[in-house]
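Below you'll find a set of structures to go through.
There are two complexes below, and they share chain A, which is joined by chain B in the first and by chain C in the second.
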Partner chain A sequence: MPLIAYWRCFVGILAREGLRFIHQRERFVSALVRPLVWLVIFASGFRFVLGVSIIAPYDTYIPYQVYIAPGLMAMIQLFNGMQSSLSMVYDREMGNMRTLLISPLPRWFLLLSKLLAGTAVSIAQAYVFLGIAWFWGIRPPPLGWVLVFPALVLSGLMLGALGLVISTLVKQLENFAGVMNFVIFPMFFASSALYPLWRIKEGSLFLYHVCQANPFTHAAEMIRFALYGQFNLISTLVVLGATGLFLILGFIGYDPGRGLLAKRGGGE
Partner chain B sequence: MIPALDVAGVDHRIGAKSVLKQVSFAVAPGDFTVLLGLNGAGKSTLFSLITRLFNTQAGSISVFGRDIGRDPRAGLGRMGVVFQQPTLDLDLSLDQNLHYHCALHGMARSLADERITLELGRVGLLEQRADKARNLSGGQRRRVELARALLHNPALLLLDEPTVGLDMASRKFLLAHVRQLCTEQQLAVLWATHLLDEAGAGARIVVLDKGEVKANGSIPDILAQAGRPDLATAFQTIVGLDKREETA
Partner chain C sequence: MPVQVTLSRLFALVLLGMPAAARADLIMVSNEKDNTISVLDGDSLQVIKTVPTGERPRGIVLSPDARYVYICASDSDRIDVLDTRTLTITGSVPSNPDPELFDISPDGRTLYISNENNREVSVVDIASATIRTEIPVGVEPEGMAVSPDGKTVVNTTETTSMVHFIDTATRKVVANVKVPSRPRFAVWSPDGKFVWASSEVGGGVSVIEVASHKIVARISFAIPGVSRETIEPVGLAITHDGRTVFAALGPANRVAVIDAQSKTVTDYLLVGQRVWHVALTPDDTKLYSANGLTNDISQIDVASRTVLKSVPVGQAPWGVIVVPVKKGGP
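On to the complex of A and B.
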């Protein structure tokens, strides 16, 4: 298959995800409302409760809503990744996934294209959120808007790949709500998205280590640093490593020979 | 002649249950082969193996001489598939659905446009090209799925219970269209069904029952094997339905 065929395939998958997203307006609105509720209501309420000292990448004291904005961008991507995974389980049950998997292009490429397409959607959501957040005083430097792009690509891919792995583990759509509770909430709350880790350390050393081991913490930190024109090497390496691991597990899950789908067998 | 599809000694287990046992048959170019079996006979599992959703555990499946296990892409590129479940994206237009399929096969946009016009025209839905799939009837959606399966010019067409839930007119249309493709384009077709009347004259029959091929041949061969005058009673004899009825 020539390279151009791969490109056409990728563009086709990207276009479909984009069209699906445009047609599901409520999904777009809820993807924006969720972080905005956190920013506008939650952050206002906790503004004077949670003091944030000067920590990197910030060089001054910052209001609480400025602190949580990057974490909320990561949250958008976390929800998007889980939503893609939900749609993969749905597509698999409904048969749509099969139309993708019978393409003559390699399966890893098809799944990666689907993940990248989902990531593109989540990046668009994150930028719209950032645009609205500007009116609430979230004003990162102009360069930050550019530098955060690769960080969003990487974190979106990691969270999408995590969703891919979950979609291979979930047998039926009905089981998904439980997984959401066991994945989204622990990942989000046991991270640096809402409070800096030194605050958690004061409360519980064990929890601090849990937060440090959580790849979502590193996605949020990578985005935070990039948004303020800095580079967080450790977080980037952790996100890269987690992305690689989740991708491998996801590809194995969808491999017809080794995957969990194969172990469950065909449906009559 | 190299068969379009060659299923040889395929065994498949799901957990401890054996769902396919030594399944062997071939479909030649131009053949209209009906895979006949009751619900639960193993038809969909066999389709999952041919389309590489799962690996073949034992035996081999070849498409135009290429083992699908060793060279899956060569096989998948030459086959078109209509799945049992509806697989159109209802929120997208017919055009968008079909362009998506063409992209998955790496086709250029101009070629895709040309092929979509041709295949949608053949199933009589060219005017609805810009309509959302949601606005079509069940029969029309099936026709679009058939047109979609043919966009990349496959030489082997697989249809898994394509007429389930369709009215008489839609069933007749689908069947006639596919039979015409067999004759005119030498398309090899494997049509899985539990509806006996879909096996018309000239069809080859593979009877699958509880994961085993119980009969394989032309309709006269099947009638001779069962010693019955018509396909309905022959099928009942072959799968033991008549005995089950007697004991009941």
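On to the complex of A and C.
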């Protein structure tokens, strides 16, 4: 298969994801409003949660809204990943998925393209959010805006791949509410996105370990460090590992020969 | 040939000038509970030396030639003298009981000291290390500031809630200005026309016109999410151009940025807890705050109005000054 075919296919998938996002204005607005509500309303009530400690990568005391901004960028990507898993279930029910998978290109490439397209959309959202957050005093160094890009690519891929795995497990569109309850909320709340882990440790040691094992914690921390010009090796390794694992599970799930899809008849 | 000589001289000048220009200021912080002065390098913000002092060091003042630092050792009832070249205490100057804040005359010869328990300002001659006279003022004197021309000294008395203007020639109080509750600190505008005084319990800053001895403006503070009672301004610093005033807001954990022309607060900058005093670098590019409860100092970039870094010093930092390191080295 010539490379140009791969490229053409990738551009096609990217354009479709982009169009789908732009055409759904409600989705665009809600993708922005959600983190902004957290930033503007939630943050003002939780001012004192940070206490008096200086937490890496920050060099000084920071207001709470500065602390949660990177976690909210990760939240944008978490919702986006779940949204794309929802759209995969939808595509499957509508038959669009068959059109995609019928392509002569390898299946892993098609799925990866879809993930990258979704990640691109989530990164655009995250940057728009960061731009608006500037007015609330969230002003990372200029270099941070650049360095956060690879971090967003990696975390976007991880959360998209997680969505891919979930889409193989969810049989019907109606089950999506379950995804919200069992994936999004626990992942978001049991992480370092909203409160520093030392605070959680004070409350419950068990919960602290849960948060540390949560890949979303590491996505948030990786973004946080990158945004302030630093590199968090452990978080990056965890996110890389989780991305690899989710991708493999997702590819297996979409393999008609042996995947979960095949076992239950594909749902189509 | 002459051109070459000039060029080589210029080159030598640049070479010699480089290391001197690269020398950073020193930051000195008085640690009330440690009985020490932390000396930090202005570039790296690392503590390069910790100098033991008398008990409870608080007020800290630099001599006009930047050669000596004077430190109120409040519970030892004396002023310690620190040599800025050797970074050691080389001696002391006597004081009446409980010196807290003080200031030095522009000629570097005289100290004007607030003695908190004695209701007086003592005038100390540095060279002879003797107390020349005591000037009676209100109850609990604290803030001290010598005017740029050295002719007037202001003193704030916390319990009397007054700013006293003292003539340095006659050593008499010439005017009393009533200000809001517990005035703790005062600074002169660089042109000598105004005195800015902070009121800890009153929660604001008063601007007094020197010619008329009248309050011409009152600045109050309001921080969203911070209760009014915790806003207790103490330390003040004014830029050399007289355009910006910084106020340390105590338990509000913030430094307020005030536009001196419009007398309005433009920013509140989050620093460590219980911020007592602030100090500007000689070029007005950086501001340092001493944070009493979090045992650290915060470095603020003046132009961008952002807190860059907070670094640990000793226990209960109270006073802070910036010592310019002279070209050619100490």
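In this text, the second predicted complex is superposed on the first by the 261 of 268 C-alpha atoms of A that agree within 3 Å, B and C clash if a C-alpha of one lies under 4 Å from a C-alpha of the other, contacts with A are read in each partner's own complex, and residues count from 1 in each chain.
Definition applied: contacts are C-beta pairs under 8 Å (C-beta built on N, C-alpha and C of every residue); 3 or more make two chains touch, one makes a residue touch a chain.
Keep in mind the model is a prediction, meaning the values are calculated, not measured.
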(request) Report for A:L169: first if it touches chain B alone, second if chain C alone, otherwise both or neither. (result) neither
(request) Between chain B and chain C, point out the one touching more chain A residues. (result) B
(request) Considering only touches as defined above, state whether A:A56 meets chain B (first), chain C (second), both or neither. (result) neither
(message) Contact-wise, after the overlay, does A:I248 reach chain B, chain C, both or neither (first, second, both, neither)?
(response) neither
(message) Quick check on the superposed pair: does A:L143 touch chain B, chain C, both, or neither? Answer first, second, both or neither.
(response) neither
(request) Could you look at A:T99 and tell me whether it touches chain B, chain C, both or neither (first, second, both, neither)? (result) first
(request) Go through the superposed model and pick first if A:S44 touches only chain B, second if only chain C, both, or neither. (result) second
(request) Go through the superposed model and pick first if A:H23 touches only chain B, second if only chain C, both, or neither. (result) first
(message) With both complexes overlaid on chain A, does A:A15 touch chain B (first), chain C (second), both or neither?
(response) first
(request) Using the touch definition up top, name the residues of chain A that touch chain C in the complex. (result) 44, 47, 52, 54, 59-63, 139
(message) Could you list, by residue number, the parts of chain C that touch chain A in their complex?
(response) 224-225, 253, 270-273, 293-294, 298-299, 306-310
(message) For the complex, give me every residue of chain B touching chain A.
(response) 12-15, 19, 39-45, 47-49, 51-55, 72-74, 76-77, 79, 81, 83-87, 89, 91-92, 96, 99-109
(request) Please give the residue numbers of chain A that touch chain B in the complex, ascending. (result) 1-2, 4-6, 8-9, 11-13, 15-16, 19-20, 23-24, 94-96, 98-106, 110, 256-257, 261-262, 264-268
